[in-house]
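Following this message is one structure expressed as structure tokens.
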Amino acid sequence: MNSSPQVVDFAVGLIPLLAAIMLVLQLLLLAQRMLVTVIRVFALQSLLLAVIAGVVGYTCHAWHVTLVAVLTVMGKVLFLPWLLERLIRRVRIEQEISPWLNMPASLFLCGGLTLLGYLVARPFASAERVGGNTLAVAVALVLTGFFLLINRRKALTQVLALLTMENGVMLAAIAFSSHGMPLVVELGIFFDVVIAVMVLGLLVFRIRETFASMDTSRLNELKG
Amino acid sequence: MFIHDTILNRLKRGCETMDYPAGDAPALPDRHGGGLRVESARCAADCSACVSVCPTEAITRASGQAVALDLGRCLFCAECVRACPDRAITQTGDHRLAARLREDLVLGGTGKEQVRLAAALNERLRGLFGRSLKLRQVSAGGCNACEADTNVLGTIGWDLGRFGIQFVASPRHADGLLITGPVSKNMALALQKTYAAVPDPKIVIAVGACAIAGGPFVGHSQVSDGAGALVPVDLFVPGCPPHPLTILDGLLRLLDRLGGPSGKG
Amino acid sequence: MNIDITSLIAQTALVLLLSPLLSGLIASLKAKLQNRRGPRVWQPFFDLIKFFRKDMVISEHASGVFAAVPHVVFATALMAGLMVPLAWVPAPLQLFGGALALVGLLALGRFFLALGGLDPGSAFGGMGSSREMTISAIAEPAMMLAIFTAAIAGGSTNLSQIVMAGDGHAGRFLEPAHTLAFSAMFIVLLAETGRVPVDNPATHLELTMIHEAMILEYSGRYLAMLEWAASMKQLVLFGLLANLFFPFGLAPGMLPAAVAQGMGWLAIKLVGLAVAVVLVEFTNAKLRLFRVPDLLGAAFVLATLALVSLFLFR
Amino acid sequence: MDYPAILLIVAACAYVAGMAGALLLRRVGRLALSVGFGLAAVGGACGFLSGVTSLATGQAAARGAVTFWSGPAPNLRLVIQADPLSCFFVTIVSMLGAAIAIYSLGYSGAYLGRKSVGLLAALYNALLLATTLTFVAGNVWVFLIAWEMMALLAYGLVTFEHEDRETRGAAVFYFIMSHIDAVCVMLGFLVLFQAAGDFSFDGLRGVGAKLSSGQRDTAFLLFVVGFGIKAGLVPLHVWLPVAHPVAPSNVSALMSGVLIKTGIYGIARVCFEFLGGPPLWWGALLLALGTVSAVLGVLYALMEHDLKRLLAYHSIENIGIIVMGLGASLMFVSTGHPVLAALALAAALYHTINHASFKGLLFLGAGSVLHATHTRNMEEMGGLVKRMPQTAMLFLLGAVAISALPPLNGFVSEWLTYQALLQGFGSTDSLLRLMFPVGGAMLALTGALAAACFVKAFGISFLAQPRSQAAERAREVPASMRLGMALLAIACLFLGLFPTVFLGWLGPVMNQLTGEALAGRLSLAGGWVLAAPGANAGSVSTAAMTLFGLSFLLVPLFLRRMLGRRAKTVRGPTWDCGLQGLTPRMEYSATGFSKPLRMIFKALFRPHREVQREYEFSPYFARSLRFESHVEEVFEERIYRPTRFWILRVSRRVRALQQGSLQVYLLYIFLTLLGLLLWAV
Amino acid sequence: MSLIVLLCVPLVAGLLSLVVRHVRALEAINLLAFGTVTFLAVRLVGAVLVAPGGVVLGWGEFLRADALSAWMALVVGVVSLGSSFYAVGYFRRELVEGQLTVGRCREFYRLTHFFATAMLLVVLVNNLGVMWVAVEGTALSSVLLVALYNRKTSLEAAWKYIMLGGVGLVLALFGTVLTYAAALGHAGGEALPSFDWSSMRGMASQLDPKLMRLAFIFLFVGYGTKAGLAPMHSWLPDAHSEAPSPTSAMLSGVSLKVAVYALLRGHMLATACLHSDFSRHLLLGFGLLSMIIAGPFVLTQKNLKRMLAYSSLEHVGLVCVGFGLNTPLTVFGALLHMGYHALAKPVLFFAAGNIHQRYHALDFRRLGGGLGRTMPMTALLLAVAAVAISGLPPFGLFYSELTIFAGAFVSHQAWAGAVALLALLVVFCGMLKRFAHLLLGRPGAEISRESWATGNVLAMVLPLVVLLVLSIWLPAPARQLLERAAGIIGGAP
């Protein structure tokens, strides 16, 4: 099925937009308090990533990219959020406590990080196959995800921050190669993420059992 | 400059030691009447004027016997001379009073009108200490009068050193003891230990009435009446205190250094 | 081995007889200065003879060391005497020991004398030993530097060699190095032989004694040996001082005439030194124990200056 | 066949057998003891014979390096090279090892019930083997391995009585200092390795020439610090008086006699062979360090009243004297006077073996006293000469030797040092030549102070009346201990009376290091007289001195026969000025004895004294009085304690990096990432 | 063929242990599995030496074992075997004393197999992406092992371990993606033939240098966190001290080295591609930083296992310094050091395990002293292992350290050698002080007599004996393997 040039450049134009939305979602995550909404925002972000992957797969006739898109949808959009929400219901906590850095400061810092992302990605613009600055967005996603991880104190939010960073990396992968990485690597990464989240869920549950709270700042007995 | 003047002065003064054993002895001071002479023949039959007047009961007169004056206990206060009605006891002005035996000091008997001069040491001792006698001075509770007079012998005038006689610090180095003072109870042990510490052959010299017979403290409970009670004494030098000349004469006589030419050997 | 037997016996006799005479001379000189006739010059001989004939009272706490001390002190003093060229050059035992051996022998004697002081267990002996070792420790560097100056000038530590080297030019002792070294050595002499500014030999106060305190417990022939050794040590140091810094007048061989002349010069030098010592004693009182290090410090500075001047002026 | 090499191998096998035997039989205390120390004695004897024969017959010079084994690392090979310098030091370690092993047969009997004697014997054998290996090492690998093994085994021995905390602390301090000096030495060799490219000693010989002068000086300073710590030179000596006293006495004897000599061996080997032509300031630095060590060592020894600490400080003093000799020798090498360099080196090496023998003897003496009275404090001893006569006499002999007094070996080596210093005055014209005579004066001060110290040590411990129950009940030590000490005493006598014999054997060593063998120039009159080289230089003969000394005793004997035939001897109480009698408490104490010197050197010691008086109504009628005085150990107070304090303080500050919060840890990673991104992009 | 078998043995054992419920059987499976793994690893070493071009391929190009990976596989096998021997005795006593439920023991045995499989996969796989997946596998399988005791502190340690590890691995993934991108730049847009390390290494010179530089930074921070290099090491002391002793032995002994292996793969690519010392300086700098930071922590450490963890930090730092100096001598020394450290460190952790079980405490103040009196056998082995780990002569670590320093000095990087040596000295002083006061002196608490399981003895004595033997006599094949591995790292293909 040969796609006409318009369709191709239409698709190419769409991807940066979607990437930009993913970044916006990421900043939204920063301001979120309710855990349930945090999970839903993550699911939405993963959906966008899947759409990008699908678009790239479709346009470049790379069947395994589309397969990855489908897997992303099944895994990150449906299965993982369901798993985490089930966990929240059993643990009955809703509220994220005050973060380490207050809201305006963290937003300002995330802006800076995004800028740094662009700075880092600028020399590689030529190497990109897809869209203008998806690599910049990917780097920004990773750095802001990292900052989010540092900023939040709840265990579950930290898990999600980690997953957003992983989304950033997958975006970068897609950005670089229209054909994505070899299938075995993609599959490996995907299954690893799934197992990771399951293990993290188990641990969060156990911490909730023993510490009666998911606040990781309680975890500071081991010193020196 | 200080040193320069002192040396010149010292050299100018030359030797100020008396030349006594060679030349004649220095005159005794007029207060010092010298020795006593007791002629019991001249005493009245039952007269005992002198007995009561003597402060240390040195004079005894048993009924019917001649008067006996124990020079060892005598303080030479000359009360008896004044008290004796018929001048039986007279001062002879003689400084030579030292005696070897305690009995020689008891005057009054026939032929014992005056003190019998001390004889020299036996041949062996004189051979040993003839030219080198080191004495350890023990002040056994004395009033320091005899010590002072013994000390005078060390001055440049008398200069005991020229005869080879010297006072030493440690009894181990000494050849004899020179005891002064009535040997109080506290000093008895010390005296015995010092005596034991001196290596044989050794001599003991008791200087002063206290050392000979307890002096003014005779008979007191805290006093052992002179050195004779504790250690064998070789030379008694009576007096309270005996004149340095008497002590020196005793010492030289003991070492037989008086007879021949001055300071022989 | 090429030791000259006659020189050995002669010097032994010389040392044995001359040392008490020297002490007697000093004592009578002091007496003369005090305007008294004083003991005869032979008095030390009489004392020694008397002590040899007397019994001995030894403390029950004393051990074998107490008895060994006099023998060691006597032997080391006599040995030191035979290493110093007195009336003739070379000294009989000069092959077996030079300046350093002499210092070592005197140190050995002092070491055992101090032990002898400690053995009977009396506080006086301990005090004497402690002070003797302290003072000699402080005096040693000054003595060593003075000897070094003479040795460097003479080219060897062999005393006879130094004397022979110095014999040539009489003006030698006018050089600054030699005068400074001589004065340093003179102070050390006063300290080592226990003369007045450092220690009063004739005192009765046991607490002030240094040398005497150590031999308080000795009597009889042990005391004689110790006294004799002390006077021999005095003679050794006087001889060292005399011949090292005034190296003229020593008989080259053993010819009777030269020896007599040598003895004459020796007598003159010893009397001169004796007069100097007596003058110092006469004009000084005994220093407090903790002022003595300052005196010996001065000696050390003098010796260092002597050494430096040897280096600068030559 | 090369007998010395065989003997050396036999010695090594004996040590290994001793070690194994002692470990296997450790259940049976007495058997393990006799097997372990017996074989150690055999090994020592073989080593001694091998060293002496190879030195005497000159075979050592001819012998090359032998490779035994190649290890995992690329150029790691076990190379053994017994050249004259190694044989000399092997002689020392074997002689001392054998004597102390015999001594230990009796001494470690005290441990039988309490401690594992098998372990002591095994460690002792292993230490001897490691030390011998250090001396005969052919390349840097073997040297460093043996060096570290020696430190590890010595640590095991020092901490043998680890019950009380002080021993453990001292042992840890010792091991840390040993490891620091191992690091310095390793760094030094690595700097040399840069130019040499090969670790073997042959490759390193004279490599200094190829290095730049800056590198050469750094290497030299590293070696001086490294070997200085091991030897106990003054600024680096603080561990020695802490570690040696806590070790069992036979071990502290071995450590003082031999282990600190490995430092000397290192300095000799490196400065003379590897670093090539030394500039003048190297020798001057060593001479200065030696002088300071000698003077301060003896001054601090004087203030001690713990017998073993006193001896430990004396080790510092004697090491100072040895290093003075080495320093002088280096200066002569740099100014081009091989004869004087050989003389100074002979003085230093001869003092090394002398110190090994008399210090070993003294420590064994102290061990016997400890064995008999269970105390090291001299104030509680006294009167031991009557209860332990042989030990006392041997201790006295050691004391005379260490105080450098004539007939014995201490005097001979100091005499040689004096000769070297004296003749050094003319060797150069720079102002440094003043250091020689001043060094001589300080050496004299040290000798005199050492004599004062050992009058105190012997006098206060052995003479007069016993001042405690323990001293009262002291009995003579068993025969094997006395035999061990006697062997060392004989060594002292032989080295003292016949110096020319051993100095002749030192010829090959001096030839190897300074190129001048001084063959025969040191002995006159058929070996009876020791002479300094150079025209009519000074000469001394201890043998003749002794002979004449004894003959002179005839004079008092003759006079006694003549004059004092009837004189008898009476025993009486000590003269006590007529009081009730002298009690032991009235005797002079060690603190009292050193009081005048403490007052004179007040500036250095800064003595603190404290009197506590317990009384009811008036201080003049005290019920009880407690007097306590101590001397401030300057280096410990001013340098080591503050350093330790600051290191731990900074470490505690750094610990705050890990204070538990996950956020902070994530921040660390984040900042690292940012840092790298900014740095790299 | 042998590579697949080597991988499948622990995998199958793991799956089997999922099914089996009886603890005795699980122990048997464990021992059997790791025994065969070690045996196969040794055979692999033989095969690699003989194989043409020094490479053994398996499952097509997917599995590739060159000298370096064979050496790492051997290390993995040995350490896992050791800890499995020890685990038998350890867990039996834990069960008896009721510290752990039977379920937890089963969990331990199952996870250990997956942990070992993941590690073997990392060293044997050719594809860089799959290598990342394998490293992620090691992280996931070991986090539950760390949280085995389910106490407050072990959960805290596990959480920090997984969080920091997770972040690190995400960054590593980003690095891997960037490496892939750098390769793509050359291949003209269509899919790269294979993301295998061998092919990447082949065309390394054509990779895009700028991208490769950025990729190496992310790879370095990512795998550096897993390897516990300095600023990213904070999880290491917590995880190693809270995990059960057999696991902490495997963590310290080999998992850090596996992460370093992964880092090395990146370093080799970067050096080949950038032809500059960029990656070498990073390794050297961070290695030295790790050694310097370990010092203060060991000096003032209050807990025994944490001190051992910091000691591992220091040894990993030294290995990185060895690779950072990048001369044949230092790289050989570093590889040798890895082997020796893998033999010595587990014994220390096993001893710490024994002490923990007997005293129920690891704090030096509460342990007091006199361990030599209460637990003589453990004390002796602890002492010997401590001597080995602090790099004292009879044991090999001294030779490897000296080789590294010799290499540093010869290649005119003397300052690095000197700093490393001083850091070693500081750690030595700290550990000596602690061990001396722990082992010697009078025992504080009253402890029951020490009972010895055969597994314990074997687990502790065997490695030390092997270490001593290897220190004295390194077999020729082993030396040849190390030289070839050093060649690979140093730059030869």
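Every chain is named by a letter (A, B, C, D and E) in the order it is written, and numbering of its residues begins at 1.
Everything that follows uses one rule, which is that contacts are C-beta pairs under 8 Å (C-beta built on N, C-alpha and C of every residue); 3 or more make two chains touch, one makes a residue touch a chain.
Computed from a prediction, not measured in an experiment: that's the story for all the values here.
Undergrad: Which chains contact both subunit B and subunit D?
TA: Expected: C.
Undergrad: Just tell me the minimum hop count from subunit B to subunit E, counting one hop per pair of touching chains.
TA: Steps on the shortest route: 2.
Undergrad: Is the C-beta contact count larger for A-E or for C-D?
TA: C-D
Undergrad: Which chain wins if you rank chains by how close their C-alpha centre is to the centre of all protein C-alpha atoms?
TA: Going by the distance between chain centres and the overall C-alpha centre, it is D.
Undergrad: At what distance in angstrom does the C-alpha mean of subunit D lie from that of subunit A?
TA: 71
Undergrad: Using Cα averages as centroids, what's the distance between subunit B and subunit C in whole Å?
TA: 41
Undergrad: Need the CA-centroid distance for the pair subunit A / subunit B, whole Å please.
TA: 128
Undergrad: Report, in whole Å, the distance between the mean C-alpha point of subunit D and the mean C-alpha point of subunit E.
TA: 45
Undergrad: Mind pulling the subunit C residues that touch 2 or more other chains?
TA: If we look for residues of subunit C contacting two or more partner chains, we find 49, 53-57, 216-217, 220.
Undergrad: Can you list the residues of subunit B that touch 2 or more other chains?
TA: 170, 172, 196-197, 199-200
Undergrad: Hunt down the residues of subunit E that sit against at least two other chains at once, touch-wise.
TA: 159-160, 163, 167, 171, 214, 237, 297, 300
Undergrad: So which chains actually touch one another? I want all the pairs, not just one.
TA: A-D, A-E, B-C, B-D, C-D, D-E
Undergrad: Per the contact definition, I'd like the list of subunit A residues that touch subunit D in the complex.
TA: Checking each residue of subunit A against subunit D gives 100, 116, 119-120, 123, 146-147, 149-151, 153, 216-217, 219-224.
Undergrad: Please name which positions on subunit A make contact with subunit E in the complex.
TA: Within the complex, subunit A contacts subunit E at residues 62, 120, 123-124, 127, 129, 142, 145-146, 149, 155, 158, 162, 165-166, 168-169, 172-173, 176-179, 181-182, 184-185, 188-189, 191-192, 195-196, 199-200, 202-203, 206-207, 210-211, 216, 219-222, 224.
Undergrad: What does subunit D use to touch subunit A in their complex?
TA: Interface residues on subunit D, with respect to subunit A: 655, 658-663, 666-667, 670, 673-674, 677, 681.
Undergrad: Going by the contact rule set out above, which residues of subunit C touch subunit D in the complex?
TA: 1, 12, 16, 49, 52-65, 70-71, 74-76, 78-79, 82, 93, 95-101, 103-105, 107-108, 110-111, 114-115, 118-123, 125-127, 129-131, 133-134, 136-145, 148-149, 151-152, 155-158, 161, 216-217, 220-221, 224-225, 289-290, 293, 300, 303-304, 307-308, 311
Undergrad: Contact residues on subunit D for subunit C in the complex?
TA: So the residues of subunit D touching subunit C come out as 382-383, 385-386, 389, 392, 396, 400, 403-407, 411, 415, 418-419, 422, 425-426, 433-434, 437-438, 440-445, 447-449, 451-452, 454-456, 458-460, 463-465, 524-525, 528-529, 532, 534-541, 544-545, 548-550, 552-553, 555-556, 559-560, 562-564, 566-576, 582, 584, 586-588, 592-597, 599-600.
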